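Two complexes follow with chain A in common, the first pairing it with chain B and the second with chain C.
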Partner chain A sequence: MKKVMAAVMLSMIWSAVTVAAGTEYRMRVDGLACPYCAYGIEKKLKEIEGVGKIDVDLNAGLVIVDVAEGTSLTEPQMKTLFQDAGFTYRSMTEKSLDESAKHE
Partner chain B sequence: MGKRILKALGGVTVVLLGLAVIVWLVWIPSAREVGYEFVSTWGEPGNAPGQFHDPTGIAVTATEVFVSDARNARIQVFDFDGHFKRQFGTKGDGPGRLGRPMNLRIDGDELYVADYWNDRIQVFGLDGAPHRSIGKSGKDPGEFNAPGGVAVAGNGDLYVADFYGQRIQQLHADGSFVRQWGHTGKVGIRAGEFNYPTDVALADDGTLYVADGYNDRVQVFSPEGRFVRKWGGPFGMNIFGPFNGWFATVTRITLDSSGNVFVADFYNNRVQKFSPDGTFLSTFGSKGTGPGQFEKVIAVAVARDGTVFVADFANNRIQKWQPKP
Partner chain C sequence: MNPDCGRLTLHGVSTLVALMTGSVVIGTGSAWSAPITFNTALPVAKNEFLVREQFIINRSSDDPISLNRDRTAKAAVSVLGYGVNGKLALFGVLPYRDNELKLTVAGQRIKRSASGFGDLTVFGRYTVVQRDQPGRNFRIAPFAGIKAPTGDDDKRDATGVLPPSVQVGSGSWDPLLGVVSTYQTLDYQIDGQISYQINNEANNFEAGDVARLDGSLQYRLWPRTLGGGVPAFFYGVIEANLIYQQKNQVNSQSNPDSGGTRLFLTPGIQYVTRRWIAETAIQVPVVQNLNGDALENDYIARVSVRFNF
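And now, the complex of A and B:
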């Protein structure tokens, strides 16, 4: 019985972790020039509730954002955000952070 | 027919060569000084004392070097040989806390920090004690949208490069607004307009020098606030390039004790030096990871004796240079 209970508990914990995995967004942006840009974008993204890790690759023109489960970033929202920050939004892809973790 | 085409092409070539010679003669000046030589370097990636995660600003006293260590949200202090002395600041937005510290300025016995994420100028004692903070987030007079650099006048007034505000603001020491240059939030390339200004410097007579970041130029204003001149590529109008006197993103401007102007030329991986009237004097630095090479020069400071300290951004280190004998 104890083994069954433990298995159920583990299953519940695993499910919770999976559900709470969130999403990774990768956005292509034109016009990133220096750390001032990178920090400016980080600052604006940080203001969105649920946004976690942010990576800005200046050379590749790539912004990678992890968000918590329940948070989603939309293209119109990102277009406006990057325009306000002085850059041109190009495209966005997304995948589950759980999926990302499996590939690592 | 073939001869005509050849003749026309020859004519075009001559015209282009002529233009290239004119550009060379008019807009690419030769060095007027012997320049600088590399002395030493310190620092590496990390978060321990003496290590950096994005060094973005630098300032010096007679004996110490202060460095903005942006992603570590701290200021580190070294002696002139690179020995670590102390550090202060932690991540956050309370008094004494920092959110991406950028360009630094020392005035008397205080350190002024452009606190980029927190939209304020923080003032510390040189020992690291937080003294006061000026400004808050916003677009109104006296408010900031990502300040990149600050200069301090003899009467205590502050001049602040408001990066996303696209303006330079002059404030009294208590933060009350005096005046501004540039149109709030609007990029411009004409004289008196800005394209993401990153830093400012003040001469002893009150002349204001602005690092007009993405316009790839320096702009100069008289003590009364009138536009005086601009330089950086042909006509100082957002034309970037690798030649003497041209820039590729300007991230820091500072003056030496003679009033000469030192500029951090970010993407050209070098420091350029000009006379107070903008005459090109010399340059040093090239791209790389070896001694005396840079991976993006983001900030520069000049000591009283002429020694130059440079924040080598992507190499996460500081370099020390001195005038050639």
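And now, the complex of A and C:
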């Protein structure tokens, strides 16, 4: 039983480390003005391997994406993705999820 | 049956068929927060599908002549939209119709009816102007398509072949074209559309061409103040539909009891989430300047749902 508990704990720690080592991208997107906009964008982002949590903030015009370590999002890739969804990509900032966690 | 009655039935009510058809074709657009009775210029994402199912009841019973015509046209209209890319979207529209016409002939009340799948319409819409800003966008998108004669246009009952006003299909290939424009913000959305449908001859009958000018305002009633994330929106909707139809032709003769101008005011409500939209509206005729003894509309009621896939 102790071995099982230890394995579960290790697994949880490993998962946390994996996510924490990833990257958070904050993208400014123009044209987002209704709830229906969000779904198509989320769907397109989820098609990218390594993409985890996606938050859309309509009021701020922001799309926030967490990706796993080893995955990176590029500006040309995002320009095309948002163009295909019918919107206009403007800019992107990125920071380590480790760094994000420290600020929380 | 009094032949005059047949002529009046054929001529006077057929206008409604064309109006209803035009309304179905043009009014089944994209699945954003969007107008309820016509299309929008908002995009369909590349390789994505959307589906809309709209239920329509069109009642007309205010007959100016002694036939006491009473027509009810019900339709369940299925729409499939597909995004070829961020600018080009293709749509297919297939109605299932249930038409019923009651009238008094020689002192007797008779009923003529038909039901079945109607004419399939396909059209493409391309965004030529796109201006995106934070929390708002503006688009202009022309569209063009054709209505194919897939519905039955030769249904019969015990009295004989049903008039065009009761048939579920028109029998003709009818092209349509137009331009739609949308200005959308987080608080409200304005859409405008101008369109024209050319109706062609089939079975010695040609419905008059239909020109439409539509406008829509959707105003966010809830949430009153926007916070973060993606909340569902509840919109109040008011639309106006100005519809002009030329006179019909029967055996190449113009029918004086057909065509004219209608103006509808259309209040409605709309609930918009990330995956689906539910909405309802009622088109109330405020002006009906119709030719001769054409039958006037009482109302057109619509309920619809739309889904993103």
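Just so we're on the same page, the second predicted complex is superposed on the first by the 85 of 104 C-alpha atoms of A that agree within 3 Å, B and C clash if a C-alpha of one lies under 4 Å from a C-alpha of the other, contacts with A are read in each partner's own complex, and residues count from 1 in each chain.
Just so we're on the same page, a residue touches a chain if its C-beta (ideal position, glycine included) is under 8 Å from a C-beta of that chain, and two chains touch if they have at least 3 such contacts.
Only a predicted model underlies this, so the values are computations on that prediction, with no experimental measurement involved.
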So, after the overlay on chain A, do chain B and chain C clash or fit? They clash
Worksheet item: Touch check for A:Leu97: first (chain B), second (chain C), both, or neither?
Response: neither
Based on the superposed arrangement, let me know which partner A:Phe87 touches: chain B (first), chain C (second), both, or neither?
second
The answer to whether chain B or chain C touches more of chain A is C
- Query: Is A:Cys34 contacted by the first partner chain B, the second partner chain C, both or neither?
  - Reply: both
Using the superposition on chain A described above, determine whether A:Lys43 touches chain B (first), chain C (second), both, or neither. both
First (chain B), second (chain C), both or neither: which does A:Gly61 touch? second
Of the listed chain C stretches (182-190, 200-208 or 290-298), the one clashing with chain B is 182-190
Both partners, chain B and chain C, contact chain A at residues 33-36, 39-40, 42-43, 85-86
Note: in the complex, chain A contacts chain B through residues 33-36, 39-40, 42-43, 46, 85-86
So, in the complex, the side of chain A touching chain C is made of residues 28, 30-44, 55-61, 83-88
Within the complex, chain A is touched by chain C residues 31-33, 42-48, 83, 85-87, 127, 130, 132-137, 184-186, 189, 226-233, 272-275, 277, 308
Counting only contacts in the complex, chain B reaches chain A at residues 54, 56, 70, 99-100, 102, 116-117, 146, 148, 163-164, 187, 196, 198, 213-214, 249, 251, 266-267, 296, 298, 313
